[in-house]
Structures are given as structure tokens and as C-alpha cells.
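Chain nomenclature is as follows: A, B, C and D, assigned in order of appearance, with residue numbering initiated at 1 for each chain independently.
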Amino acid sequence: MPHEEDKLRDACGIFGIYDKDGYDVARMTYAGLFALQHRGQESCGIAVNDNRKITHHRGLGHVGDVFNDTELDSLKGQMAIGHVRYSTCDDKGLHNAQPLVSMYIKGQLAIAHNGKLSNYVALKKQLELSGAIFQTITDAEIMLHILARERMITGRAETALASIMKKLEGAYSIVMMTPQKLIACRDPLGMRPLCLGKMNNTYVIASESCALDTINATYIRDVDPGEIIIVDKNGLRTIRDNVIDRNDARLCIFEFIYFARSDSVIENMSVHEARKNTGAILAEVAPVDADMVIGVPDSGIDAAIGYATRSGIPYGKGLVINRYVGRTFIRATQSERVSAVQLKINVLKETIQGKRIIMIDDSIVRGTTSANLVAMLRDAGAKEVHMRISSPMFLNPCYYGIDIPSSDELFARKYSREEMRDIIGADSLEFFPVERLKDIVPQLDCGYCDACFTGNYPWRVPEEYCE
Amino acid sequence: MPHEEDKLRDACGIFGIYDKDGYDVARMTYAGLFALQHRGQESCGIAVNDNRKITHHRGLGHVGDVFNDTELDSLKGQMAIGHVRYSTCDDKGLHNAQPLVSMYIKGQLAIAHNGKLSNYVALKKQLELSGAIFQTITDAEIMLHILARERMITGRAETALASIMKKLEGAYSIVMMTPQKLIACRDPLGMRPLCLGKMNNTYVIASESCALDTINATYIRDVDPGEIIIVDKNGLRTIRDNVIDRNDARLCIFEFIYFARSDSVIENMSVHEARKNTGAILAEVAPVDADMVIGVPDSGIDAAIGYATRSGIPYGKGLVINRYVGRTFIRATQSERVSAVQLKINVLKETIQGKRIIMIDDSIVRGTTSANLVAMLRDAGAKEVHMRISSPMFLNPCYYGIDIPSSDELFARKYSREEMRDIIGADSLEFFPVERLKDIVPQLDCGYCDACFTGNYPWRVPEEYCE
Amino acid sequence: MPHEEDKLRDACGIFGIYDKDGYDVARMTYAGLFALQHRGQESCGIAVNDNRKITHHRGLGHVGDVFNDTELDSLKGQMAIGHVRYSTCDDKGLHNAQPLVSMYIKGQLAIAHNGKLSNYVALKKQLELSGAIFQTITDAEIMLHILARERMITGRAETALASIMKKLEGAYSIVMMTPQKLIACRDPLGMRPLCLGKMNNTYVIASESCALDTINATYIRDVDPGEIIIVDKNGLRTIRDNVIDRNDARLCIFEFIYFARSDSVIENMSVHEARKNTGAILAEVAPVDADMVIGVPDSGIDAAIGYATRSGIPYGKGLVINRYVGRTFIRATQSERVSAVQLKINVLKETIQGKRIIMIDDSIVRGTTSANLVAMLRDAGAKEVHMRISSPMFLNPCYYGIDIPSSDELFARKYSREEMRDIIGADSLEFFPVERLKDIVPQLDCGYCDACFTGNYPWRVPEEYCE
Amino acid sequence: MPHEEDKLRDACGIFGIYDKDGYDVARMTYAGLFALQHRGQESCGIAVNDNRKITHHRGLGHVGDVFNDTELDSLKGQMAIGHVRYSTCDDKGLHNAQPLVSMYIKGQLAIAHNGKLSNYVALKKQLELSGAIFQTITDAEIMLHILARERMITGRAETALASIMKKLEGAYSIVMMTPQKLIACRDPLGMRPLCLGKMNNTYVIASESCALDTINATYIRDVDPGEIIIVDKNGLRTIRDNVIDRNDARLCIFEFIYFARSDSVIENMSVHEARKNTGAILAEVAPVDADMVIGVPDSGIDAAIGYATRSGIPYGKGLVINRYVGRTFIRATQSERVSAVQLKINVLKETIQGKRIIMIDDSIVRGTTSANLVAMLRDAGAKEVHMRISSPMFLNPCYYGIDIPSSDELFARKYSREEMRDIIGADSLEFFPVERLKDIVPQLDCGYCDACFTGNYPWRVPEEYCE
């Protein structure tokens, strides 16, 4: 789906690497962040640890714009962590970019975080009352504060981390560097993904397995919900004090439906296959007679293939995306004659003309993009346009790292299904049935979070959102 | 196909607009160039004509980088022409960017060109002998010189253009602005595409129809081979003195196979449908038993859909492209542990594993990318990999605007078919049969050029290439 | 003196403004920072307070490079503080740029600092032991921490500031913004300058009075050593709890000799007149028969005029500085045929030739620049070159904000006077007599610090420097 | 004088170097252009000739901004020419930057020009009539055209140059590169300066001798009016066909008064000494009783020293210039509370207060800056302010490279002397007497042009200016 303002956005991707031979960790991190760029395009950064001294470079924009050869060459070391970021609040300044590098009683500490603490406000208030100052509005800074205080009474960074995890609510996959160790952990509910890979003697941690593939590392497994992984000169070890029963974990199901890259594997499940399954299930539960199934590029393609395969209706390419518009902000022309969607996407008229089309997209946030696309298909001569959405209706805000419109702006909350169909202008409109979510990753051996569809939150809703 | 150095490159895209109400011509051109960005990413420019005064802005890089709101706001006028460019020689400086804006006895003259004059060297020598100086190595400057001299004896710009077309050999689709007119023409053989569109009273000229779609203009027709179109305050008129029998035209067939965007229509033929046809024909002539057909993104996707449909073998997504790597130059890591292909493309392991794969790409230039991709598929567990190329073997250089390796670097010229298969590492390798080219656009009502496959050149080969 | 690497550098300039009508505070601050640019050229920043909400922009480089119209237009408010900075340590990153903007229990707090805490290390250690984390290595962050903790027990920001000043050792002139107040203070010894100005109802604070002149504000007086000034909607008030006897204050005498701009007034004393006095006194104590007195531009000009006036030897222009080299880093040519000094300065040969020259400079740090200049004068035909330095010999490190070479690199410490003269190549070399320092600002009604010349430090020397 | 919009501007500086050992010519040119930066700050460029192949780099802005190490390293060769430029017309685009590099029948040709052809329009018209096209509006392009045509009938570049010089009217000092030669020439009237230097076997050509000093080259002599100098592998030779009687030459006298850098030597005359002479003569012809003589920095300083010396009134520093404002465009604050002059210059109040001041500036163009400065001095408490201008009244436009306001905007033309004094607000105002111009460079052995003061033009006034 092309119109960025009309998409849900995730809150970051992280990467960490420990190579005791110190071979090119910054460039490996750079390549890894490229593979994770879809998880955050607003700012990025890399911190390296060279013989216990941590330096870093951060900037606003894409990985390819923020780093150049000179920068990368200057970042030498044996460990590195990296971060790409969307803001989850109105905090776009460079000072909120990560990794956050800090000094405390034990020396330097660098951290990169994906997720969102749902008790951020409460934790911050508590810290403020004891005199803490804050230079960012990131969860990472909260964690640094708590960790620094815990270190006063706990011997090791990883033990302190294990201890403070009990105070944190919400989602957090993190990578950290101390002068001597690379540490990673995933919150006890495992809400955001985090995986472990290896190449030769080098360990790699990444938000998604696609980042491991990019640098030719082998995917070993996901970090377990609640698990802490420590890599140092003695190799890898793990702390499992906060690990709970996998069935009680709450992995964000929307990672499968939209956020993760389709070539990633999360908890051993292929994201692409999960998306094909959403299409196949839609073909079962919301069938319609048609001549061609098309996907909204890029995120609707996988589900469209699944729908086509299951239904037997031919898969086709009906929309073309302009790869070059991506990073560019184009003010709509003064004349408003050209819509932002049109700049990014075009219809294959000759292919669409006279046909009954099933168009699959992964979600509807505000509905504007969908309405535009349906109109473009009709202009191209489509006889019928049936819209199928590969996620359930998005009815509730997410407090764990997804940047969503406020409740009253949510399309599915403002309108009845018939109104939605009418606004979009489709001949029919069907959403993925929420009760079938479990079937998109049938072999998944841990629990998942579907609060944005069901309102079934794993943590109490932050007070500041309750009124 | 991801590895840019291993691709053929076209020599530019052009755009022109005449809106007597002077409404936003620069932004329209900007949007149009965005849609044509695939035709040239090295430099770009826009020239506008505001009440007979021509100003321009050009720069190195993508349209989105070269222009910002301030720039666009400063470019006011009633006419505009634009250009995106690949160099066809070693001439990457900004001074070779277009549109080229010049002054001569009749005032200002701006020109943007797509194609390549095959008698460039001869024409330049002739001009030099009469004292001409050159500040660029573009064909456009040659044309400006000849035109300026012709104007000494011919009354109007368009008449002069009609006259000098007889001296030009090779490919040239051009748009020009005089103080009062927008003029476009296509060489008599129509080697490069050029089409005409309209919205309200505004006429638009573009290399491809996708540029018209982007700004909501209606495609009227292609400019005819040899035709000159003039738009001024009196509307549109045409000069057909150089128009020949359509059967004798020689439209570049490779525009259908690779260069043009799949949503464009050239001479009323859908590019996407042409590409599906290449796949379908390959399914007929080079069948193989397999479990899945995949395309190399983005350019192999259309043919793969065609192959899958005709063969009945399921279409699948086996490769994912990283959209963000696009513009970035990434030096391979020092360790060489990460290849450029890997940074751009990844395999969907779970989908590929254990399957017999047919992989479709549009061309093979040097073979390195294909070899990489086959290896990646095998690593992912593919049982068999059958490579199908949707173009014939590329055996001859092009003198009309395609930037190709020299003869002795051409993959298909250096190796036998079995050697090629062996180098690529595929279980089988088949090319599109050259004799079936006519079937990919069966309704095409004009002749086409396939010299790069057949050596059957429409113009004498430039002497400087003969030895 | 032209060669920047061979100069002493100050540690920052600060600026603050409160205009309840909110008229253009960012641009006023921008203009003020321009006037203070000589105090720090490495990074700069402006923070504005718009109806209790503080935002900021900082960057590496000069004021004119970091801010443009767009930036300035976006910084609206009723209060602003600004900062220009040299690093006093190896901490050139943007994250060390100021103003530092922080959140704590009472909301936002922004601070900009000039000076150096000599008990920084001790204070930091103490904070770390209670769990504090640090994201910069600035004194400002230390002060923010201490202030935040003090606010737990003290009602108002200014009261807390008055209280923590007792814990701070060393030099600190600061401006701060809380949501409602602009607060400024100068350390009890008044080591760095800070003055107060006004225009209409707008109060302005600046490191030097030249910043007031730039924006047409009237100089009122210097902030007293130890004084805290608070400006809010009720006007200006002052806290004098930490004010001591002016005779015990220790204003840096080097501000008069070199750091401050010659058009500034510090404690009612004209910097230009003080510099002329250094020259006049040198003429008395180190006279020599000569034909012309010249100053090394720009910093030696004032003393040269004073020397010429007192001695009766004509003042002349013997050296020309290239104004454009300023900001540019020029790698010496590979051939080393061109020295950095030569790129910046040139000799007026015709004027120098055959003359006996007295050349005045303000200081000698490493001696290289002086040696270069003497050689250039001799090449130009000077018969004699007598060097006079308008400061005493620099023998001791400064712990209060001047970035000096380590003791063992100090020219005057490594060599005897005769060796120095020999290295420089002058016919004679004389320094300003340390016992006459009081005579350069005879009316100054407060004590001054001359520790860099005498070793007579106002605070204990930090332990980390003692071995 | 600080306010750039209120200054006269010269039309460029040029530089050329031939070092057969090819040692660092680009960096030498870079250093040379730095020294010439005062002659043009709008754009600059360097072209190098490496074994007969010419490449170049140009850009908008200062030398230090346009070139970096990478750029300079890529510019290798045995010859180089460089250019800094002010536009003399409304032609600020990069395409008008020089050196202009062109190809013609004999290969490549690069040219850099200082001056202005007064028959530009006539020459251009003539060329257009024979079909010439123009991509810039520079005189250099006109010369390239004429030269290219002349080469058709003349054997060598330098012979052709000698021949076409007869067709050119106005001012032109040029440096050129052919594949094998560095060629320089000065127009027969020698209107703009050009000098020759040497270091070892390397010959250097520059607009001013300060550029030679910068790279440690020895000044040999000025290129003679009308002389052509050729440097190639055989060394230096000269063509003197167009050399006329030195008394008939017309060197621009304003180079001495304002344009040239004070450390330069033109026709063996020191610019600084000439300026001191203007001051001394003013002291004779326009004496006034006063306490101090000050100069408007930087350009009035030399004359002020001369005035002080001759009159016996003490020289003082009364104004300080902010070195950092230089390159920055600062929009006056919205409030207009801060004038552009104030941002750049400040008064030394304590020094000025109560004194009768003689303030020397080099010229008055529109009068605004002078009025501002007088007001600032009065605000600072000056008892009297006597303004002395070290040039005669500027009454006529210049057609030879000085960018001046149109006649009706010229201060001295619009107002009587008393009105001028009144507008400026000075107690008295005197200009340099035009009849004494010869005395500022009494030993000068060639004629000079003072047309801007006298209207006595050396060439017919271009028709397009006559009405």
C-alpha cells in the first residue's frame, strides 16, 4: 500500500553483533540495519565498542543517507549495536535517536530498544521524584536509569537487567553493550520479535531473521520471551529467570500480518507463509466469483497469492508501484490534480479492463488509500472490485509499539461495515475473521497478542490513556 | 534483478507540457519525471518557459533529490520540458545533464533527448570544421548546432527541425521549447517511444504513458515515427514529412522486454501483457516439470506470471527485494562476506525448500547476478533450479541508446549455452527464442528493431566501432 | 594571529533573552551568537521557550551554517538561550552541544554554560554512586543533575541554584530557562564574564557586551560575581546570597588580553583600551629603536596601536590576513610548499622592506606561527624584527575553561628566553611583565585570576591533574 | 566597509599554472584562488590538464566550500587554470561559472576570464548570424567561438589569439589551456591586472601578486598590456604583436583604490602604499582638526593610516568587524531592530566617546552604510564625525568589469555635495580630488583608466547603454 500516512508503523528495529576478532562489525551492522529499514525510517544509529571504548554515530533519515564510507571506517570495534526507528510519539528530534550511549558508575552503556513500555509514565514519575533528569523521551533512557540504580546493588549488568525486568511492563526487545559484553533480551511476553544467529565465532542478534540472511549469518533460534543472552569473550550464555510458559507469551500477531519482512522467520514460522495463509483463509470464508486476484504492492502481494491459489482464480499483477517515490516527500501539486497515491502506484489498464477484480490489502487504517485504489481500478475499466483485507478490523489502540491513529480516527470504529464498503467504493469488502488468527501460523508454539483487534490487552491500560 | 552493474541501461526519459493557463507546469513535469525515473537515474532537469523566458534547474541524482519545493516554486511558466538521464558514454558530469538550454539568433531554445545518434561522430566533425565549439558530449548539443544553422535559411523552428531530421541517423525522441512553442518529434524509424496525452486544454508529451497516468492525463496516441508535433497558443498541429510506412519503422523491442515500465502502453500495446507473453511462450517452448514458478524482482515478475499461467505450475514468491538499498552505493564489506546481491535480495527459504523451482529473469548480461541467485536458492534447499530468460541471447552492441558491455564482455557471446548453464549453476537454462519476438506483441502494427539479438541494424554501423 | 592550532581557545559564549511580547527571540539570539562566535566555533545551539514549551536546534559548525531562515522561523517563543562552544576536552560530538535541554520533576529545563568546573570529576563520581547516568561530558549536565536533586528539597529553581552554587568549584557563567523563567548566574569568583542589557522591556544576558550592541540593546552592567538574576513576567530580580567582596573575585585577566572581542566592555572596562595599555606598557618596559610598529592581525592590532602611540614609532600595516580562509580546513599541499600560515597571512613587502620592525602579538603558545611570521618578514627585507608579546609567559595550565596544551608542551616552559628568541628568529623578544597586569585595567574594581602566568590558582588543583 | 550590497564589485580573479612535473597543480590553484577570493565569491572552478586531457570542477560559492580533499585529489595534471567570479550581469547560474571547458576542431580548450568586453553584444550578434549557439552569457564563450573560427585559418592557438584580440574591445585578462599549452594574455589597454610568477621550473599566472605569495612563487613582472604569454614543455615565450606604448595603456585605477588586495603589487606598485597615499593626500587637501583618525574596516584602514601619518593626528581603532558574518546571508530580523551593518560592525564606544573623529572609507556607492556608521559613532558619543572618502566621486558607469548601480542610483550623481553630507549625517564630507589620482602611484609607468570618475572612456560606449 503506497500512502505512508495511511499506514500503521512499527517502533523500531535493532541489531547487535559480537565478533571477538573485531572484523568489520560496523559494516555488518550497517548491512543488518538495511535489512531492517522497513521497521523504521526516521532515524538510525550505530554504536561500536572498540576495546571497551564505545563511540557512536546517529542521524535522521535512512541508513544509506546517515552513513557513508568515512563514517563506517571510523567505527571500529569488536562489538556493535544498531537501531532504526519510527517515533511512537511526537519526538522526532535527533536527540531521541538510538542507540542511546550513556555513562554511569560502571563506565559506558549503550542500548537500542524495540517496543514500548506501557508503564513508561509511572516509571518516569518515580525516577523524577528521586531527582532523575531526562534528555530524551525514549523508553531506552528509562531503562538506563533503572539499570544504573540497580547496578548499585547488583553485581553484574545482566543480573541487574534480570532484576529490573520485573518492573517493566509492555514490549521490549533490546540489545545493550557494556565495556565487555553484548547483552540482549526480550520481554517476558515476547511481544516484539528478536532472534539469534551465528557465523563462525560471531554471534548476531536482530529483530528479524532477514537481517541475519543479509550478512550470511545462520539463524539459530528466536530469543525466548523473557530470556537474557550474554555474549562476551567466553562465548554465549543465557539467563532464563524471567522466562515463562510459552503459552502465556504474547507475540504481536501483526508482525506476521504486516510489520515483519516477508522473508523473515519468527519463532520458526515463515512470515510469507503466514501471509499466504491469510489469503487462503479469506478465500474460504469470503469467496467471490471473479476473473483475477491482485495484491496491493508490496504488502498485499503474499496474501493475494494465497487467495489465488486456494480459490483457483488466476493471480495477476494489476498495480505497479513506483520504486523511486519512496523516500521523497512530494507536496501534492497545487492544483491537487495529482494525488499522492497516484504518484506511487499505477493501474495496469489493459490487464484490468473488463475484469472482475479481487484486490487484497493487509489493513485499512483511514480508508483513503483504499478508496483511491478502487477508483483507479474502476477508471481502468474493472467490471467489479472486491476488496479483501488480510487482517481483522483494527478496533483498539496498541500500547506496545505500534503507532496508530487515536481510537476515534480508526476507520473500522467510526463506520459500519456497509458504510466502509460504501466509502471505499468496492462491490464487496471483507476482513479477515479474528477467530481464525490462530490458523495463519498453525504450528506457532507460543501465545500471541491480538489486542488491537480484540481489546484483550496483556497489561493494564496505561492510566494516561483512560478517560 | 537486483545488481545494477549487471543490468542494461537505457539512455533517458523525456517529458514536455504546454498549459496556456500556466498552471503548475514544473510540478507536473516533476511528477512526470518521477514516473520516468527508471529510464535514467544519473541526472535530471526541468526547463520552464514563462512568457517566452526560459529558465532551468538541473542536478546529479534522482528527481526527488535534485528538486525541492523551493526549486519547484521558482520554476513558473506555461511550458516545461524535463529529462532524466543515464549516460551512454563516460560523461557523467553535470554539464552533460539536460534539458540543454541554449541561445541562438532566434532567442532561447531548450531541448531534451532520448536515444542516440549513430552518426554523432561524423556530424560533430563536420560542425567542428566550420568552427563550432562544444561544451557537452550530448547528441542534444549536436542537434542544437545543426538546428541553429538551419534556422538561418528556414523560417520556423519546426520547419528547420523537419529539414535537419534528414541528416540525423539513429534514435531520437525529443522535446524542445522555443520562446513560443513546444515541439516534439520521434525519429523516422521510431526507435524510442514517445507518446501524446491531454488533460483539459493541456497537452503532454512523454517517453512512456505511465508519466501521463501519474498526472491524470489521458493517453491519446504515440507520436508517429517521423512525426513532428507542435503545440502553441493555437493548439496542436503536426508535420508528417518524415513519416514513413509503419512497417518500416524499427521500434526497440527491448522496451517491451525490459526498459519500459510494465504499466506503460507503447503503440497501444501493454508492456505488462507483452511480458506475460514472453513467459507464456517460454512455457511452450522451454517447458520443464517443476513445483513453482518465481520471478526475479522486479523485472522478472510479469514473465513469471505468464509462465505460471500457461504452464499451470503455481506462481509463487521466492525472492524478496530490499526496497531501501536502491539508491545507495554500498561498498561490499571488506571481508567480502556480504555480496551486493545479498544486500538487495533474499530468498524465502521456507517457501523454496524442497521444491523444484523455475526462476524467470528478463536478461543475462554478465551472469554474475544469476549465478548468485541460483546459489542462494540452492542454499535455501531448492531441489532443482531451472532458469528461463525472457529475452533472446544478447549478442550484439546497440548503437541507439542502450548502454551495453562491449562485445567481448557479453555473456552469451563468450560462452556456449552449456557453459552458461554451468557458470550460472542452474539445472537448465533457456532463452526466449528470437524467432518468436513478433508474438510477444502480436497486434503491434509497426516494425521493430531486434539488432541486439540479431545484428540486423537499421542504420550503418558507425565507423568508429568497426575494426 | 592566524594559525588556529597554535592559539589558546576559550570554552564558550552564552546568550539569553526574555521578551514577554515574544518578538523574534530566536533571531535576536542568532544575532547575539554571531557576535560571540569568536568564543566558540565548534558547535552552537538555540533553545526557545514558547508558552512554557521548550524546543531547540543545535548543530556542529558556525552559527551561520547551523541555522537558516526555516530553522529560525520555527523557533518561536518569549524566551531563548543560546550557546557557542569550543570543546575543552576530546568531546566534539553533537551530543555535547548546548543548550542542554532536559526534563525533570518540575518539567523542562534548558541550560547553557561558559567556564569549567574544577571539581567536575568529584561531582560526577558522587552522582554516579547514587545511580546517575550521563549522556554528555559537559559541566552543564552535572549542574542539571545536582539542580534536579536540589529541587526535591527546595521550592524554586533559583533558590535551588543558589543552594547548589556552594558545591560547585571553578568557573561558570550560565543562562537557564525553566518553563516560566530566564535565570542567569556567574560563579562567586566571577571567573568568566557575563553582562546584562536591556531594550525596551526586553532583558538580555550575554557573555560579552558586543552581543548586546549587535541587537541594539543597552549595556546595563555586568552580572556580579556570585549573583543570580531571574527574569519572568514580573520583571527582573536578583539573588545575592553567594556574592562576595569584589576584591576577592577572580575575573580571568586573559579575557582582556585575548579572548574577549575588543569592542566589548567587561566590568565597565574597555577591552580595546586594556589591549592598547598592554602595548603602551611594553613600549615603556621593552623599548627598542625601530622604524615601524605592526600588529599580528587580528589580535595583535590593538596592542600595536598602543605601543606605537606610547613610543612615537609610526604604526603601520605590515601583514594582511585572508578573511576567507577562516572556516576552511586546508590540508597543506602534498608538496608542503605552502604552509598554513602563508595561506592565511601575507606580508606587505614594499612596506616592510629595509625597515626595522616591531611586531606585536598577544601570546605565544607553541612558537611555530611566530617563527613563520618572523621568517616571512625577513624574506620581505626587514632589517630587524623585534617581537613583543602583549601577555606574560604562559607557564601553567588553566582549569577554568581555557583549552591549553599540556604543561610540557608550553613554549615558555620548555625553553629559556634566549632559546625562545632563537627559535622564533627575532632580533629581540620580550613578554609583558606579569607584575604590570594590574595596570592594563587600572580602574578595574574587582580581583582577577592570573593563574596561567603565576600558578596562583583560586581553587585547589583537581586531583586528576596532580601527579 | 561592511555592507556588501553597498559595495562595488569586481568581475573575477584568474589563475594559471604550468608544472611539467605535474606536482600538485590543483592544490596550488586552490591556494591561489583562496588568495583571489576577494575578487569573486559567487562561483569558482578549476580545470586541470593531465597529459592532454582536460577535466574540471566548478561550483557556486566560496573556494573552501566548492572544493574538498576528494575533489582536489581527483584533479591531477601538469597544468591548471582557475577562476573566481562575481557576475557582472544577472547570470548567477552554475552554467555561467568558469573555467569554461569546450571542445573544437583542435580538441579541448579551457578558458578563464577577468574583465568585460564592451562590444559583447555586437560580437554575439555577428556569431549568431552564422549559426552559433550559446550556453552561457559569459564573454569567455564569445572568445571561444571567435577563437575556434580563427583556428580554421590560423595554425596555432596563440597566433589565433593574437589575431582575434584585434576584434575584442574592453577589458580582458585571460588564462587558457590547450592540450599542450598554458596561454595567458592581457588586453592591449591592460585594463585588468595580470602578473607572472615562478617557482623552480613552474610558471604561474595570476590576477594579483598576492596569489603568487600564497604559494611561495616569486613575482617576476606583470604581463604587459597586449602581451600573450605561452608556456609549454619548451618553457615560456611571448607574443607582443598587440603591445602598445605603455603610456596609452589604461589600467583600472580603482584596482589600487579598492579592488586589489592591499598586499598585492600591480605594475610594480604596492597597493597598500597607493592607499596610504590616498589618505596622505586627503590629509593635505581636506584637513580638519580632530582627535583621532579611524578607517572603516577593512578597506579604509590603509588610507586611514596614511591620513594619520601625514596629519599627525593619532591613528586609532574605532570600529570592529565581525569576521564570522562574512559569508552568511542574514535576513534582517523581522523587527528591523537590527541592521545588517550592525551585525557586521561595532563601535569601540570607550575609545570614540567625547572625541572628534575622522573616518576614512574607500568609496560611497549608495550612502546607506556611511549613514549607519556615522550614526553609530554619534551614538557612541563622538563629538564630531568627519568623513573622508579615498576615491573621487563615482559619477559614471563602468563597462569593463565593475558591477555598479545604474547611473541614476549613484549617490554622487543624485545629490549635491551638501546633500550628501546631510544624508550621511557627518560634520564634513570630502572626496579624493580626481586631479590627484596620478599622485597615488606616482612612479606608475603606464596610463590608467579613471572613466568611472571622469567619464573619459577608452572605448566607445556600447550602443545598448546609449539612450
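Just a few scattered comments:
The working rule: a contact is a pair of C-beta atoms (placed from the backbone, for glycine too) under 8 Å apart; a residue touches a chain by one contact, two chains touch by 3 or more.
Just so we're clear, the structure is a prediction, and the values are computed from it rather than from any experiment.
Ranked by how far their CA centres sit from the centre of chain B, the chains are topped by C.
Chain B and chain C have Cα centroids lying 60 Å from one another. A separation of 48 Å divides the Cα centre of chain B from that of chain D. Centre-to-centre, using mean CA coordinates, chain C is 36 Å away from chain D.
Residue positions of chain D touching 2 or more other chains: there are none. The complete set of chain-chain contacts reads A-B, A-C, B-D, C-D. Here chain A touches chain B in the complex through residues 23-24, 27-28, 30-31, 34-35, 37-38, 41, 62-65, 69, 199, 210, 213-216, 261-263, 265, 270, 272-273, 298, 301-302, 305, 308-309, 314-317, 320, 322-328, 330-331, 333-335, 337-338, 342-343, 346-351, going by the rule given at the top.
Looking at the complex, you find that chain C touches chain A at residues 94-95, 100-105, 109, 128-135, 137, 141, 144-145, 148-149, 151-152.
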